[in-house]
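Shared chain: chain A. Partners: chain B in the first complex, chain C in the second.
This part shows the complex of A and B:
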């Protein structure tokens, strides 16, 4: 793998709520290189989407803001860029695929129109007509069948899988260095999911783009990603290569997530579920945020925040934050 | 699309039928027209002969069918107040004045309310938003006749910028148009604001942003095009209420339109004219709403293709 294309350093994003500034992304660091796929894993509310929105700087307004940290695209820090400057990064340098294809395309424009718009942004000054052929090519590239005709279709005339392919076409229209895919397959049928993941992999092989894949499905991570970060309560609790983390999950939360993946070979009466609820947004938190749900929680877990240490696999890049690691279990 | 328009046209005809029944019934609910037409000391013979002449001795359904037949060609009988004219002619003569004033009021409403609503959605919570909220609140609290008198007092009587009342060019129209428009501005601003707030929160607006669309195009192209369906809906109500509003405002400003005509006709118990005015208002209202339905389809392809 080559040097990092995108490097996030100590990112901290807060929401200014009436109850105070609540951190939703807290001291998050990771990097991703060209041709590499990074998985960001966690439950709803773990801060994984907020991390993506922070990178794109489309946080919910007016309450969301990046408080500190750096987001380095190659050598440029995206934090603190003006609105015009960041708008130039979006689409051209970093593309994004959103979760629900049924709501992420504009219902009043044809899909061709929406792809052309993305192309026009990246090729200013070119006429719509001259881009038309490229739209069809792009749609073919993301395996939209009958692309010549579908160009003129409206989103409501297409299936979810087709729409998500169009969103993919929009994301790659600017040949970005990084694609952020925020649970792109969650709203799709299982069979379509697989096709879509293969499509992403093909695109990556062809263009060498870096992919940040946000999901709660560790099965997908094992299939698609090279490395992963596990997020809980806005923090990274464990990170490493897929091999390291799957071989020796070092944080109880990762362990629980792995247990929650149903296995095809084993018959079980009840699927495993993690007890309790993800932490509610609040300004003052003490200790490890997973402690209330953790079966191994001790006194210190509720008092002090655990520091990052080498994970149990012994791999170079494996890190986890847990007071109990290697001591108790 | 053609089927869509055809369905809407059918609905319009049904509504029109109901309206004719109501208009016809109303003229019979307010007492016999004979009493209004003949002096108090008329003989029974005079009453009978006029009743027969006007066909009022025939059964109601026959009277209704005759009414319908005549109404279809715009014949509502002769005006009893403006002698020598048909009722329809009296209304048509006053029509341009009302359309001019109503048109200006619609124009003012849209030009002021749409940007106000969109901008207060974008800058929600700002001072601009709060000011727009106050303007809306005032507009919805002021009755049009009161606002008309106050405007007249300030700008015509005290400052002398505009004529107080009467028929004439633009300078005569501005005060009554504002008096009519303010309430609509209030309603339209609020609707536009809430529709924009909802749309700005959608995933497709987020996708437009992440694909690099500049903020102005995000707002006016992606968001407003979707939010527009709400103000467009209100446009039907707007067109109708500007006509009904014209009754009040035209009276205050002595503007010789159909609104003032309606008041004069009611005072003079000129039923044919009242009927014509009501029928005209109703048809106008229906046409406005039909136009709105067609606009829906233009704005939203999901309606066009279903």
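This part shows the complex of A and C:
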């Protein structure tokens, strides 16, 4: 696709805990171009949200910090920008949609007021009155029905799907080049999920913004994303285009994730689940993080970290990190 | 959805009426409506009982040891109760809220420093402080307000800090930050509006504390100087005669009671009104 808007290179984020510096994002690299959607997939604790927080530089303080790596927004490296400079990037260059719409709006102001607020941050010095028309436009753009009336509603008077649309309106208020959506549909019910995903796609088509979509739902990734990275234990274990990865999942973890998606046409007694727990955060980890849960694990898996190699699909961009790539599956 | 404040539709009539009658109208118009000069001693009418207890319509609430009209003194005293509570609490609330916001939002060393100062003000006997200050500057109106601020700001700082600590971790604050809001904007638009109802309720609850504090200081002679008829002084005046001439303390005491009670009820209504979830739609 087109030149990348956001490029993350060898990002390493650590949390300074009393037990030592624990890497939560470890040597993560990816890029996303205009009009492109990247899925970041992984279970809880895999480091996908921490990656998003690192890009926005809103890591938990004072323990979180970016240890090394680059986050290139077009040509500028966001790592090492001053607080004022990064504040200008937030909202204007990179917008973000959080997981839970019920808690991500300020309960004491009307939603119109909060969209105006977002517009004001991006256009300092403009009066609230002059922005009012744009608020209604924005709400219409995110398919809030009856927007002229709804601007005066308080968040608690709206449904979850409606609130998440408002959060979306706030995210696009600054016309950002990149939108990071951190599990935006997890708190919505299924019918609304689909509508919301379609909305995101429409916005993308209209504005050409890049989307980073964080989720654990591979069904969504298949529908919405162009490419994906699979994260486990803070590392990218597999990456590639959606077609490549779905055709030939090369890391046992990706394979297991795909197996965990229930299918409508197959009748099963028990749903598939990956045995064991995701790795606990600790400073000294050896070998492949997935080894304890991996059905193919060998000696070497617990001793040495696997390097990235070409994935099984043979595609140009398909990469995976596993010692057992040549396995019989 | 109209823009008219719903508060007006559900006005708490009773507490407002009581406050108007006991506090606000006398405070504003005591010079015109008081039947007597509050300082004038009608020596021949000393210790007159109130009307219906053997008194006359001339001194409806009776007279004190010097024959001064209790009703007129309460009316003039309302002014001091109003001004001291309002000024003292507003200033104390501002100081406490600002420092509480800073402590809760910044955390770390600043937080520790501010909260230790709060601990110190709680540990220090305020009466002692007032005595020391009065010894230097002499008892005065300003001194009382200063002591009021000193005593109450810590309550605001503690409460505001606690709520700020919770709010700063809430999702909508995180969302504001990723939308590019500055710290000042987050404090002003996201944190303060969510704790303003706590501050209002706390402020109304402090009125009782302040009136009693003022009475204590006046009683000890380090508060409002005599012969100004502050309510606390009026209660103190009747202390020795409480058995024989109960009305000297009783009526000023009732004025304090009604004021504190009404203000608390008003505070509850105000809190409901300030919380959009409880606002009727």
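Throughout what follows, the second predicted complex is superposed on the first by the 326 of 329 C-alpha atoms of A that agree within 3 Å, B and C clash if a C-alpha of one lies under 4 Å from a C-alpha of the other, contacts with A are read in each partner's own complex, and residues count from 1 in each chain.
What we mean here is this: a residue touches a chain if its C-beta (ideal position, glycine included) is under 8 Å from a C-beta of that chain, and two chains touch if they have at least 3 such contacts.
Since the structure is predicted, the reported quantities are computational estimates derived from the model, not experimental observations.
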| item | value |
| --- | --- |
| Fit or clash - chain C, chain B, common chain A | clash |
| Touching partner for A:118 - first (chain B), second (chain C), both, neither | both |
| First, second, both or neither for A:33, with chain B first and chain C second | neither |
| Partner chain in contact with A:91 - chain B first, chain C second, else both or neither | both |
| Which superposed partner A:233 touches (first chain B, second chain C, both, neither) | neither |
| Chain B versus chain C as contact partner of A:149, first or second or both or neither | second |
| Of the stretches 42-50, 60-68 or 294-302 belonging to chain B, the one that collides with chain C | 294-302 |
| Footprint overlap on chain A, where chain B in one structure and chain C in the other make contact | 56, 58, 62, 87-92, 95-96, 98-100, 103-109, 117-118, 121-122, 154, 156-157, 167, 170-171, 173-174 |
| Residue numbers on chain B that touch chain A, as the complex places them | 124-125, 202-204, 206-215, 222, 225-226, 299-302, 305 |
| Residue ranges of chain C touching chain A (in the complex, touch as defined) | 1, 108, 170-172, 174-182, 185, 189-190, 193-194, 276-277, 281 |
| Contacting residues of chain A [partner chain B, same complex] | 56, 58, 62, 83-84, 87-92, 95-96, 98-100, 103-110, 117-118, 121-122, 154, 156-157, 167, 170-171, 173-174 |
| Touching residues (chain side chain A, partner chain C) in the complex | 56, 58, 62, 87-92, 94-96, 98-100, 103-109, 117-118, 121-122, 149, 152-154, 156-157, 167, 170-171, 173-174 |
